[in-house]
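Labels run A, B, C and D following the written order; every chain starts at residue 1.
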Amino acid sequence: MCGVFGAWSPSGRKVLEDVYLGLYALQHRGQESAGVAWINREGGISSRKGMGLVHLALDQATLAAEQTSCAIGHVRYSTAGGSEISNAQPLTASTSRASLAVAHNGNITNALGIKLLLQNRGAIFHSGTDTEVILHLMAHQPHKEPIDALIDSLVRLRGAWSLAMLVGQNLVAARDPWGFRPLVIGKRDDVYYVSSETCALNLVGASVVREVAPGEVVTFGPDGMDCLPLPVEVKRHFACSFEYVYFARPDSVIDGRSVYQVRKTLGKKLALRSPCPEADLVTGMPDSGTIASLGYAEESAAPYEQTVVRNRYVGRTFIEPTRRVRELGVRIKLNPITEVLTGRKVVVVDDSIVRGTTCQRMISMIRDCGASQVHVRISSPPVRFPCYYGIDTPSRGELAAARMNLTQLGTEVGADSLAYLTEEDLVESIGLPRECICTACFSGNYMEGGEENEPEL
Amino acid sequence: MCGVFGAWSPSGRKVLEDVYLGLYALQHRGQESAGVAWINREGGISSRKGMGLVHLALDQATLAAEQTSCAIGHVRYSTAGGSEISNAQPLTASTSRASLAVAHNGNITNALGIKLLLQNRGAIFHSGTDTEVILHLMAHQPHKEPIDALIDSLVRLRGAWSLAMLVGQNLVAARDPWGFRPLVIGKRDDVYYVSSETCALNLVGASVVREVAPGEVVTFGPDGMDCLPLPVEVKRHFACSFEYVYFARPDSVIDGRSVYQVRKTLGKKLALRSPCPEADLVTGMPDSGTIASLGYAEESAAPYEQTVVRNRYVGRTFIEPTRRVRELGVRIKLNPITEVLTGRKVVVVDDSIVRGTTCQRMISMIRDCGASQVHVRISSPPVRFPCYYGIDTPSRGELAAARMNLTQLGTEVGADSLAYLTEEDLVESIGLPRECICTACFSGNYMEGGEENEPEL
Amino acid sequence: MCGVFGAWSPSGRKVLEDVYLGLYALQHRGQESAGVAWINREGGISSRKGMGLVHLALDQATLAAEQTSCAIGHVRYSTAGGSEISNAQPLTASTSRASLAVAHNGNITNALGIKLLLQNRGAIFHSGTDTEVILHLMAHQPHKEPIDALIDSLVRLRGAWSLAMLVGQNLVAARDPWGFRPLVIGKRDDVYYVSSETCALNLVGASVVREVAPGEVVTFGPDGMDCLPLPVEVKRHFACSFEYVYFARPDSVIDGRSVYQVRKTLGKKLALRSPCPEADLVTGMPDSGTIASLGYAEESAAPYEQTVVRNRYVGRTFIEPTRRVRELGVRIKLNPITEVLTGRKVVVVDDSIVRGTTCQRMISMIRDCGASQVHVRISSPPVRFPCYYGIDTPSRGELAAARMNLTQLGTEVGADSLAYLTEEDLVESIGLPRECICTACFSGNYMEGGEENEPEL
Amino acid sequence: MCGVFGAWSPSGRKVLEDVYLGLYALQHRGQESAGVAWINREGGISSRKGMGLVHLALDQATLAAEQTSCAIGHVRYSTAGGSEISNAQPLTASTSRASLAVAHNGNITNALGIKLLLQNRGAIFHSGTDTEVILHLMAHQPHKEPIDALIDSLVRLRGAWSLAMLVGQNLVAARDPWGFRPLVIGKRDDVYYVSSETCALNLVGASVVREVAPGEVVTFGPDGMDCLPLPVEVKRHFACSFEYVYFARPDSVIDGRSVYQVRKTLGKKLALRSPCPEADLVTGMPDSGTIASLGYAEESAAPYEQTVVRNRYVGRTFIEPTRRVRELGVRIKLNPITEVLTGRKVVVVDDSIVRGTTCQRMISMIRDCGASQVHVRISSPPVRFPCYYGIDTPSRGELAAARMNLTQLGTEVGADSLAYLTEEDLVESIGLPRECICTACFSGNYMEGGEENEPEL
């Protein structure tokens, strides 16, 4: 779970502030660190990185003043490799042929093996990220043209990698042949952008050109824009369904499908598949279940109500976990509206249940406000398998739906009833061919047929 | 627009962290500065204040460790007197009889005259606030018991003042005889709380005891809890209607009325009074119009849709107003969902129109997304008069509804149609007797009958 | 122990950066806090204050840009009233007649009585300083012209007060009738300055005009420069001898006497009065004894040697007092040069012995390096009485020379011999008439004849 | 110009605070950045680095608490490679065989060639330092034992390198075969230390064991202490004479010679070689000329006087270079004592003249105070050649003594006379055999006979 963004202007316009703004729009994809890299006046690469949210990690005014027309940026979520500044991206390197910078969304599943191989050839790794293997693979082909070295490096990678890179004087966008994570090209006047999601293109005022195709490398530079296919054959695509269900911003469009519309459809299908007769009201788990709950309410007879108020000034980390705060629990962030809940039969819609603890606390809070019944409806199938392609899910043992059956889970979270959407409904709601969608976290159907192949890194 | 909070434990429990948490729940009432004051181990008063949001202005861990069982806090909005730390509250003073601290929500309309009088007697004012006159009035009665000096000071004040104070060893809550701003008492185990709103009582796990009555002074201290009436006769009350319309948090309850329910009712009455036939969807201005729009949608045939996504990481101040940012405008904070809006006839509900600029920008953005018609519905009467009782409204000349008639205003903001709620509907929705509600900002009916009496300060 | 500085330009030149630089030159007079106040564009008074050294407490660039031609500043040493920002000076106040700011060096000995009187008239004190009584005395005479109110206030004060003030549109310099602390006027082009010491005038490139006379009030403002005598008769003056011995910077000139030359003379007289035959070398206690030790060496046969190296990057507070640091002791700051000390008979000169602990540690360190004998010579008489006029000396019980006789003290600090200068030699070295010099800390001869009169505050 | 420090305890004592304190004592060798690295509980290497002085760059309390018995540290001066945190040392790396950290004082003259070679084998360099080649040379020998790989790497280096390293579980000290920069071993109880200078050993309470010999590698680790000679033959040694003249702290002892005593001897020899008859006083350029001036005064008839006061609170960077500050010039830091200088014939002693500007400004300031004559004496030969071995001298074109002859230079700096010490006197004062001392910056006699061989990097 990360976000990447890049910008390039053939006419020399300053683009670094747009990269900052793009990251700001992609903030939901990662809050651990943020960074940018750009081609500086001397033709080399400069970078700035910091921990935390974009506006804390980077100084907008400084970046806005920077004279560069080719830049990339990254927001990082994953705690893999530890929450250290040395793992913040973009990673940069100077090789004898070119300066490099890379921003990566996804997870390279064979990175560990490659790393050991390179270390035995003298490579010194400076981060704990899987991403760094790309730089070393390129550096170990010093006699090739940098773009050729890049392509020869990428073909060796398995797993998920949507990349925004600086290679010499070029901006490069690349996407793995399986198409796990989204990556889209935008344009505004003469400036080209690449972004993990369309919402960031909207923010900078750019219109969508097209998606980067799975297995495609697109370069933007002194010789203009160029599209190169990776020489890799794949049997099918694996577009991540969880982006639609939860991860992407609702105002984004992925593969031509509005995330907002998909989520409302998920809610409607859920109401048809698992109705809740005589419910007094439908509400969403804040904020992840809101849109699906609007769809559920629209399809059912019961009205939608906002039943919980989120303190909109809440940050992620600033409330100290003192004894008193733990005692007060979830109310620190969320306050239920008692007057709406007392004596009512309530349907609560959420996108998914991972560990189950959040759901349990919410239901308990709603009951404390006097709700007579609480029925839980989930707008996706049960998450029973870990994701190896870039979503930060826990191991199987911690996944609530892997540990128990539906009835047990309903009891565990304290619901009067609990129902999930089917995988068929999910695929239909997204609207892409079934063989193009990755549902591994629901079905266990990984890239090459088995979970046992994956946990190499 | 400010928030006050206080806590007192007769058995010596530490309460300062609860005051911190209370302020955090009242953050929507003021983001300019935050402060706390408490009775320290020596029996004197200590205080901490800072600029900005509660978690930036104050250090939770330090306060949590403080051994005090009597404390108050304040969040400040108003820019009156300038955005300086010297204007942050609580204000404190040492007099020969007692240490004092005061946190004030409201606006004392005769403060300027009192200040001049006191200065001619040698008083040195240290802040630009109206609140400071309370401390000097008390200090100038050095031979009275502090609580008596307080009461003799309060009877000289006109306007709005809901106070949480420390007077010697006592916590004191006081409310002006007209009852402009809310002030409520709560309790949890043996700890008493006073708060501007019930949402803060909810956060600290306290239940509501009752409201502080208009013209009442409640003391909590070594002699227990005591209730003293101010010797002032008033003809009627002036409970602020704008608290219900916009200012209070929706999960608060004021005078027994759920703010959420009032807002939904406003939306329903608006739908009945000013329907919009054949609308495709109803949406709310984010976030001020959301609840009323749910009511409007429920009453009308059209479904509610969320049409704009707010970047939930957006802070109040951190995006630098660079040229590029001004160029991108409102999209920095809000992103419309094009797929929902294109070709649709849209009803947009908001709570009020003040200057009109925000409304205009939103409508323009919605039209840019391809909406075929945009109809604006406002869930309160037109704001045509400034508030002198603590809401930060601009002067008449800047109030859009005071400068032009409904048709002109509709054109100005770019609406296909524009409709307001009536004052009758507003009063009915709140559900209090008409003679208890202040509607001065809508009607110009100020406390003693005329706008010309007010602008003394 | 504080320092004051002020500047005024009749032609409107910016002077606030010069006040910053003046404070920087006076930094040795106080490191606890620093502050400035100036007449702003609106004719009122603005101020900035902070804790710690001048460059940490204040922002030079901001002050340099400020458009003001009348300003004062203060560095504070004393811990009286507690080390809090509310005690940092200049103190400011708005009265009905004028805005005021005051920076004070010295100690008002009857401040406590005045404070109680004023509190009984309704005054609210905001600091723990003796200085604040000046502002309240002025505010309580609201019907007088501000300068008249100032003079009527100053005549009521006893003790030591060298002041730089802003009164309305005027810079004011004032000095108590006894002349305890220095205060000098300087000029550069058309800009007038007032300063605690001449070293600060040197820094800003100003030449010395003259001292402010004891009991004189000098005003600089729209009507030019004016000199007013205070209507107070005094029997004699009390110029502080300790300024020459230790406190003032050696490059300053007080009452026409070079502090450097006085200190060298002290050392020479000490060598004549208490020689140390056959000493191998003379050295000074770093850094307080350096200059007197040069005088001692010059008068005796033995050469001066630098025997201890001070770590010149040492700050005042940054070495954490961990167990390890306490174990290493004085070497953290000072490193002796073993090669110079081994087997030598050493004379160590210092300005004074207060508690005796520093002296003891230094002698012990010198012995550890192999010195065969250590003879201590002090370039002033024994400090046996506390100072009530602004020098931060401990109580009698903590003064080493008050607790024991010379022989005992020599044994206590570990010296082979210990000798002091006489009061006669001190007075002669300074070169002022005996009846003009305060030697209270040596002799106990306080202003009006007795220690018992003083400790009111 | 850098400083290195290391510590190792076989019995598991915590040593990281001692490394902090050691760096603090070596602060004069570098103020640009500071860093430490240590073997952590998992057997890997952790590090902390920061810009600026030691106490700003590192947190003492955190380091004091760290459970490690093997650690190194570095203070950095050089601006080579740019003033960036990525150039701060110790540099660290994880290779397949061992974790590494290196702190380096000196300059590797053939680093550029090695770097290009390594880059062509795929190495990615992360800093702009010459030091990093050591890590890559080791990483490119992955099949050797780490200590063997280190030795095989070091023999390839030319120039100056005194190193403190962590290699696996060992502390390693190493010094180039020519012995350019000092490196000394100390011991306290069971803890061994390595340090650039003895003054840091003094601070931590350690006694000196011996110097690391030129061409020696000393390891401290699980197998105890071991000394390995590098298999390199050299014709002679090149101990830096400038360490004695200026760079080292006066309380240090290098190769058995007290730096303080050497500097006093330089001053005495200078007085014999270039006397100044009938001078009224001798003074030193603050602070670099002080000790030599004491020697000069002792040998001549004239007394030593302190003529200039340095503001002891002055930092390196905090005075903003505003117009006003530039106007005031050198007085911002240094204030002359007019009373001592007026009408006197003055001898000013300094250690060297590099660009000549400082000397010129000081002489001008002394003349402005009324000195009748100013005679300049330099306690080393003219600096006419750049240093390639770690002292930050400018290029020949900027060296004042390389651009003009003695008469011209005297005129340029404004001296009535100017005299230097001879190379013979310098060598004699140090007291080492001539063929062991590097005087390249005075004579141009570089390591292998010619300036033209050196500027490779």
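Keep this in mind: contacts are C-beta pairs under 8 Å (C-beta built on N, C-alpha and C of every residue); 3 or more make two chains touch, one makes a residue touch a chain.
Quick caveat, the model's predicted, so the values are computed rather than measured.
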item	value
Cα-centroid distance, chain B relative to chain D, in whole angstrom	63
Rounded Å distance, chain A centre to chain D centre (Cα mean)	51
Interchain centroid distance [CA atoms averaged], chain C/chain D, Å	38
Residues of chain B engaged with two or more neighbouring chains	none
Category of the chain touch graph - line, ring, star, complete, other	ring
All pairs of touching chains, each written as two labels joined by a dash	A-B, A-D, B-C, C-D
Sites on chain D touched by chain A in the complex	93-96, 116, 119-126, 135-136, 139-142
Contacting residues of chain B [partner chain A, same complex]	17-18, 21, 24-25, 27-28, 31, 53-55, 60-61, 64, 199, 202-205, 249-251, 253, 258, 260-261, 287, 290-291, 294, 298, 303-306, 309, 311-313, 315, 318-320, 322, 324-325, 327-328, 331-332, 335-340
